[in-house]
Amino acid sequence: MKHQVPVQLRFNDTDALGHVNNSTYFSFYDLGKSEYFAAVRGNDNFFSQKIDIVVAHVEVDFIEPIFLTDRIAVETGVSHIGTKSLILEQRIVDLRTGQIKCKGSTTMVGFDFDKNITIPISQEWRDAIEKYEERKF
Amino acid sequence: MKHQVPVQLRFNDTDALGHVNNSTYFSFYDLGKSEYFAAVRGNDNFFSQKIDIVVAHVEVDFIEPIFLTDRIAVETGVSHIGTKSLILEQRIVDLRTGQIKCKGSTTMVGFDFDKNITIPISQEWRDAIEKYEERKF
Amino acid sequence: MKHQVPVQLRFNDTDALGHVNNSTYFSFYDLGKSEYFAAVRGNDNFFSQKIDIVVAHVEVDFIEPIFLTDRIAVETGVSHIGTKSLILEQRIVDLRTGQIKCKGSTTMVGFDFDKNITIPISQEWRDAIEKYEERKF
Amino acid sequence: MKHQVPVQLRFNDTDALGHVNNSTYFSFYDLGKSEYFAAVRGNDNFFSQKIDIVVAHVEVDFIEPIFLTDRIAVETGVSHIGTKSLILEQRIVDLRTGQIKCKGSTTMVGFDFDKNITIPISQEWRDAIEKYEERKF
């Protein structure tokens, strides 16, 4: 995956088991996702534009625990674009060892928040992602 | 203080030191505050109404750690209403032992979010709080 | 599912889209999971005992947004126990309307934290879950 | 203050009011504090060493809201070292405008976690802070 964001860990990301809490991983994936979309669309911030896609399904494999002293990054790429949905592949990697801590995939669907209905993935998204990923879907 | 909300602790409220993370306390105070205001104003939910007060200053004494197995509650009351501000006193108590885990005070100021300026505390707030607290400020 | 925990929402569970942030859902599932295990094992708190199972895989379908004014609960049950793993089914329901907001399944594997190796699901877990769920796996 | 850490904002740091939630600020201060102590003590990570100081009191002034599109940093310095306590001054600044978003001070006390008693601030802390801050307290 060509998109990678180093994650700044915070002490309260940990829990009483002594490592980063599982539910915190999803905020790392969110971070990767929004920076990826900003990179793809050439915007400074994904959330400053009109949102027309929404998370429908998430699958995550927890492989190794993340410790506060680890240096990690989130990697993100699109693996599939369908008519009404796209699939993002993501993983959290240890920047020192290359170890994969966690990997996941997220299905996002086109959504019109005003009408509250699913819509096709826009051509703008399709073009921007194909250009960024340098391949056709 | 006559207003008390039991707090439902979550595992990710803890940190690697083995007890509830200090920064999480502020979300407990927030919870107490919003439920207090809802009780005072007779609304189901504080945040469903137009917000016209804002937090300006917070002071907190951390007295005892909170563990995941503790049963705690947040207690909230108003101690002062001035022209443009009011002061909330809050504490987190152990429901089994009565021990005070943490206490704090929050200064809130009247605020017009449309005009982005401080405004006087409204007569509605004053009346509602005086009625709830059964005293004059 | 016979196990249900009402969730106390906090204002900072919301995000700038105006509803509960997706990553927060996982702390609700955690809450359901730990209370379920405590109920199954007859302990006051799951995390006060030695932990010998760990989350390996999570799948979640996001169906409807959760708003701060919603009254929600997490429902939890075990659907499968294998040699080295068990599967938890969970969903977040709207207590007023019965609507399912989100549903997910979690694969947990037996784990020895001292030796850092996967182990079989213990007979104690098997017995306790079968008794609680009133069926054989 | 000579110590500054840029903060990587996450989407779930925001709340339904559209800006960074007040309680999240405390995790930013925590981040500044732990990186400051690591810099002062020359360690890679503050939390990998034995903890002998603990937060007793926090005071914070909320000055301007923080938005997800802001570029912010936490600045940290010690303003006072007494026999049993030290005071940290911190502020959150906008890296583009120099605007101070929030400022606070934290009183930390020497603490022996094994004996559960307050202790004097160690000479090691005193020396390390005086060297880092280039002044006597």
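By written order: A, B, C and D. Residues from 1 in each chain.
Simple rule for what comes next: a residue touches a chain if its C-beta (ideal position, glycine included) is under 8 Å from a C-beta of that chain, and two chains touch if they have at least 3 such contacts.
Since this is a predicted model, take the numbers as computed values, not measurements.
J.: Of the chain pairs A-D and A-B, which one is connected by the greater count of C-beta contacts?
T.: If we tally the contacting C-beta pairs, A-D comes out ahead.
J.: Relative to subunit B, which chain has the most distant C-alpha mean position?
T.: A
J.: Please compute the C-alpha centroid of subunit A, do the same for subunit C, then give the distance between them in whole Å.
T.: 23
J.: Please report how many Å separate the Cα centroid of subunit A from that of subunit D, as a whole number.
T.: Result: the chain centres lie 30 Å from each other.
J.: What whole-number Å value describes the gap between the mean CA coordinates of subunit A and subunit B?
T.: Taking the mean C-alpha position of each chain, the two centres sit 35 Å apart.
J.: Could you check subunit C for residues that touch two or more other chains and list them?
T.: Only 11-12, 16, 23-24, 27, 30, 47, 68 qualify.
J.: Connecting every touching chain pair, does the picture come out as line, ring, star, complete or other?
T.: Here the contact pattern is complete, since every chain touches every other one.
J.: Hey, which residues of subunit C end up touching subunit B in the complex?
T.: 7-8, 10-12, 27, 30-31, 34, 44-45, 47-48, 68-69
J.: Going by the contact rule at the top, pick out the subunit A residues touching subunit B in the complex.
T.: 11-12, 14-16, 18-19, 21, 23-24, 68
J.: For the complex, give me every residue of subunit A touching subunit C.
T.: 16-17, 22-27, 29-30, 47, 51, 54-62
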